[in-house]
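Here come two complexes built around chain A, the first alongside chain B, the second alongside chain C.
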Partner chain A sequence: MFKIILRRLVELAVSLFLIASATFFLLAAVPGDALSAQTDRLPAATRRQVYANTGLDKPVLERYGLTMVKMLHGDFGTSIVDPSETISRVLAEKLPPSARLGLQEMLIGIPLGLLLGVLAAVFKNTWIDRLITVAVLLLMSVPSLIIALLLQSYFGGRLGWFPIIGWPEGDQLWWGGWSFTVLPTIAGGLGYIAAYARLLKNSMLDVLSADYVLTARAKGLSEPAIVLHHVIRNAAIPIITSLPVTVAFGITGSVFVESIFVIPGVGQYFVQALTNRDVPIVMGETVLLAALYIVTLFVTDLLYMAVDPRIKLYQD
Partner chain B sequence: MSDIIEIRNLHVQFQEDAGVLHAVNGVDLTVHQGETLAIVGESGSGKSVTTHALLGLLGKDANVSADAMRLAGVDLTHATPREFAAVRGSLAALIFQDPLSALNPTMRIGRQIGEALTARHRVGRAALREAVLAAIADVELPDPAMIASKYPHELSGGQRQRVMIAQALIADPRVLIADEPTTALDVTLQAQVLALIQAQKARRDLSVVFITHDLGVVANIADRVAIMYAGQVVEVGTATEIFYHPQHPYTWGLLDAVPDDTTDQAELFTLPGTPPDMHQLAVGDPFAPRNPQALAIDFQQAPPVFAVTPTHRVRSWLLDPRTPAYQPPASIRRRWARYAALMKEARHA
Partner chain C sequence: MMKKTLLDTTLIAALTLLLSACGGKSAAHDDTLNLVQGSDPTTVDVNDVRNANEFDVLNATQEGLFRITSKNGHDGLQLAQAKSYTVSKDGLTYTFKLRDAKWSDGKAVTAQQFVDSIIRELTPKNAFAYASMAYDIEGAEAFNTGKGTAAGVGAKALDAHTLQLTLANKTPYFLKKLASVVFYPVRLDLINKAGGTKAWKTDWQDQASNGAYTITSWKKNGKMVLTKNPKFWNAKKVSFKTVTITTTAKDATVLSLLQSGQLDFVKASGAQAADFDKLSSSAKVVKSTQASGNTSFLAFNQHNGGLSKLMTNAKIRQALSLAINREAYNKAVANGQSKAVYSFVPASISVGTSNYHDYAGDLLKPALEKYNTDAKLRALFAAGLKELGQSTDLAKVKLTYLTMAGDEDTSSFLAQTYKKALGITVKAVVAPDSASFIAARNGNKYDLLTNGWNGDYDDPSTFLNLWVSTGGFQQFFGGYDDPAYDKLYATLAPVSDTQSRLAIYKRLETLLLTKDYGVAPLISAQNRYYIAKDIKGIQTPTFGPDLDYVYASRK
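Coming up: the complex of A and B.
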């Protein structure tokens, strides 16, 4: 196990280096930079001064070298747009709301989606299946943006059950202030329900037509026993594949839901940083997302091995 | 001899997007207590569908109707899914062609075998383990405890097929339905698995239904043979009758396609044409388009069943007394000659 973790850590470092480099050069290749809009009308001398202050006047390769060396020391630098911001401060401040929202969405959305998927597959071609299929299709095709607005106007506006905007802060950052979180969680969670219901239904239908399910029937097992003992575990294998992406993106914020409900999360901030070409912030974000993704992939591998005895990834 | 399986006038249609698929069209089949019946036919001839219909294993898209379906005295003609589930495993057990895909990849062997018992009865842990280990030992696998703790992919093909047989026999069924059980195995393993089935049959007074497309396998183990084509039994008889006194041109084709001591290599035969499209019910004899001996009436009217002997029945106009004289192929005439000799011997004995 120690060896596996060591190997994974080396892989993590190499991947992060490559991803950071790619991000840096892609950003450098895009026309314009963080200062071009602000300094457009300044006299040439002043503009040069501003550029020199931020180091953006140096050649690309030199900037790359400086950035990577600083990153090695864990320093992503300060925001170019707002020099008082650093990525760690942004994360400390804005990640908790996003992560909590994402976790709430996933904890409710994924199990519910899986349950609907099982129902749709078991009751295939009945009204239950059709109802779920239509609902899933609807949820997948209507953007969360519109659902969020509808939720706001009905449950927040007309019925007045929940606050329309806002997010718990201070003591209630991670726990409490639930009424604020209800509508955003539903708005974001519906997508998970739809995606996972569809995924599990398809995977269950595959497994239900497998030969070993016929064997189980031939043994005289009842349908519930077959689904419970033979189908679900095998149908879960493709689900595990999609989990890391879901988790990594889930806790790093959603642009739409955060902006509609005015949640002080990272999702919106990062999109802003990208449009501003705020290189240090974007680099920090990318590396964070990549690290998160790689770690969840490792957890996925462990899950795989637990669920499917045929998979042996680490033979040392 | 009492009948352990009786199927009369079975029809199965599948509702498909492309239309209705007529998979089985009026099959009559009986299996006597303690015998081995081989069902032989090409893919899509309705062999598996027939046995799956008997056990209620077809999906909701299948439309099954029969005048009678009986299994070990239980009337299944109008059985509910629950009644079907009650006879599966206990009265009739199935083994399949590919034991790798027929075993759950994520469940240990021991548990999969044990399920065939726990599906119907409450069995204590210790008793269950004992029964499972006994069942594994019974199919001549070494070190049952080790096998029980393995997953399917950790066993060899032959071991897996033995596990399938152990799983089928642990609940002590009356009938074993073997659906191409040796097709996925190499020749040595085939012989071993066949010998195992034969040994178990003798010990347990099992009746065996052996589904295959390989007449060569059938010759060694079958008491009786039913030849299926286009969802019908076109010829049924004792093994001797089918091998040495075949009457249906389709049976001739099948026999000529298998090399044995009565055929020269040069004579090895390939049946022309392809199996019929089962979405349309044929007018006349479904085999007529591929039949070198086809008569005019074959294209107009479906043939009735003619009895050659009390045990030998054929669905072909060739057997009609009005049919003009005809000559079967030379290879078949040689078989007939041997049959005549056999009959003569039998009369003298």
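Coming up: the complex of A and C.
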């Protein structure tokens, strides 16, 4: 086990180095930079001074070297667009709203999705199955952007039941201010319902046609007993193993829901940083998120082993 | 780091207390003005200001010598931090008496802080975008371009309450410029304590305000909260205790807010205004329209003639300018919400108190009437080709229109118009974002591009100095370069009487538009304001801040 973790850590370091380098050079290769729009119409001498003040006047390789050395010390630098911000300050301020939104969406969306998945599989080829399948298809094909806008203008604007925009802050950051969170949670949670209903239904159908289910039926077990004891447990493997990645993606922000409901989260901020070519923030974001995903994938592997002892991570 | 977190916590705790103390929802609503902005300010440093929403916020939190007012679409000046002022007979020395005013931290506002602001604005190392706004002051340009010293700048504090500014030339519109946010006083003591100019840009927590409000909370992509500053000299006239400014670029969200009465004011123009007009039935909102200080125009690449090498020819530029039906362009591109224009300086601009457009008229109209058929326009274009020694087969002409994503209406309008009127082909090259657009433009990879200009102050020079070849701006708009224009522009410097200035400005614009055809003005945006019915006293100046709500109130 220790060897595996050590090996994973080395892999992590190498991956992060490659990801950081690729991000840096891709950003450098795109025309324009963080200051080009802002300094566009300035006199040449003033423009040169602005570049010198931020260090963007240095050659690409020198900037690459400086960035990587600083990053080794855990310093991603200050934002070019907004010099009082660093990636750690941005995350400290913006991760909580995104994380809470994501968690609420998943807590509502995943159980509901699983329930619908079970129903669709158990009542296969009945009107229940068809209803659920159509609903899932609809939810998957209509963009969450549209659903969010509809919810906002109807339940927020016309009926006035919920606030149109905003998010709890201060001591309500993690708990309380629920009315603000209702519409965004629904708008974002529908996607989870659809995804997990489909996932569980497919996986259950696979299991239901397996030989040992036939055996169970043959020895006269009741249908509920078969589903509870034999089917769900085996069908749960793909669910359990896809959960960590879902959670990692879920808590790190969604662009559409955040921008429509004016939620000061990470999703929106990072997309802006990218269009602004704000290299330090984009680098920090990419590297930290990449690290999170790599760790998550490792956790997923461990989960595989836990739910299905037949799976081995590495050949010993 | 620690200190800031602590400050944050206390601030939030204080705010929560404040909010709960307000009690009922309606009471808080009466005391709060709710606004939106399309994006967060990139700076709250008065010297560093660039974008409209920054002007608006800084106009509420800081104050200069004057405040720009607005009446019937015309700007005026009102004494603010200045109590009175005198101008010397030669028009070169301005002396301002300051009133007894305080900053939000209790310190006095002094004349030296105004001097500090001008010197800081001009300091080359700071590289502030609007430094050239101060060039009317003696020694300012020299200091800013590294040829002079700070001591040589004509800005002096005679005593704590007396500020004296000496100009390089008589500048009749100097006070209109001086009212800009760029010249608001600064606190060097606080800036230095916070670690200098770079960090100061968005460091709202360490700032002091000499204006009506202070920033008490700012979440990017969320909202900004302004709270009334009790130390403001005229605080008893300030009605709203709180102003919230939500950041959202989504028109649908803005509409929902407006419809449900959760938004008190929003400004729109062009196609966006057409969307918002669906609201006109709402009883809660009052609409009004006002001419803007903006002109949209078609620029021709005169740097090197563009990719087609044809744009150096005045006859070809003339044919391209005259082939456009401005009314049709307005309908196609701005849903008819802007105004078709036939001159470059917008109708909102004055010289002294005389309206410039009333004097100069629609300069392009005579030529448009003369070349009123496709045949005449084609002959003109062909004559231009002949002058360049090229084939006069119009079907072979291909021009490149450089644009950004989201501008499909303009691209297809130009392509169709030029195909029909001139028989030439226009191909659009679409840059995905502004950085890529700038790169393509600086690389001269275009024949045509459209752009807009918003004036910085109420005088035709804010539009006509763009075309001076050494001014630094014409290069972005096609690179117009006519020594005759430069020479004529230079004759303005010693002239201060209104009639003579009107005449020179008209000659300049006539040369630019109808002789050189250096640029083709197309439309001018009309600002549409949507104001909650119970709000009064909102000012919407054409220049300076878009929106001044400092003395607004709820009926």
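What we mean here is this: the second predicted complex is superposed on the first by the 301 of 316 C-alpha atoms of A that agree within 3 Å, B and C clash if a C-alpha of one lies under 4 Å from a C-alpha of the other, contacts with A are read in each partner's own complex, and residues count from 1 in each chain.
By definition in this document, contacts are C-beta pairs under 8 Å (C-beta built on N, C-alpha and C of every residue); 3 or more make two chains touch, one makes a residue touch a chain.
Bear in mind the structure is a predicted one, so any value in this text is a computation, not a measurement.
> Putting chain B and chain C on the same copy of chain A, do they fit or clash?
By the criteria stated at the top, chain C and chain B fit after superposition, with no clash.
> Could you tell me if A:99 is touching chain B, chain C, both of them or neither one (first, second, both, neither)?
neither
> Does chain C touch more residues of chain A than chain B does, or is it the other way round?
C
> Between chain B (first) and chain C (second), which, if any, makes contact with A:220: first, second, both or neither?
The first partner, chain B, only.
> What is the contact status of A:307 with respect to chain B (first) and chain C (second): first, second, both, or neither?
The answer is first: A:307 touches chain B but not chain C.
> Between the C-alpha centres of chain B and chain C, what angle is subtended at chain A's, in steps of 10°?
Taking chain A as the apex, chain B and chain C sit 150 degrees apart.
> In the superposed arrangement, does A:275 touch chain B (first), chain C (second), both or neither?
second
> After the two structures are laid over each other on chain A, how near do the C-alpha atoms of chain B and chain C get, in Å?
Closest C-alpha pair between chain B and chain C: 47 Å.
> Considering only the defined contacts, which chain A positions touch chain C in the complex?
30-33, 36-47, 49-50, 53, 81-85, 93-94, 149, 152-153, 156-158, 160, 164-167, 169-171, 258-265, 268-269, 272, 275, 277
> Applying the document's contact rule, which stretches of chain A touch chain B when the two form their complex?
Residue positions touching the partner: 125, 210-212, 214-222, 225, 229-230, 233-234, 307-310.
> Contact residues on chain B for chain A in the complex?
Chain B reaches chain A through residues 55, 57, 60, 85-90, 93-94, 96, 98, 101-107, 115-116, 119-120, 151, 153, 164, 167-168, 171.
> Provide the residue numbers of chain C that touch chain A in the complex, in ascending order.
It comes out as residues 12-13, 15-16, 42, 50, 124-129, 131-132, 145-146, 198-199, 201-203, 219-223, 246-250, 252-253, 255-257, 259-260, 262, 433-436, 438-440, 472-473, 476.
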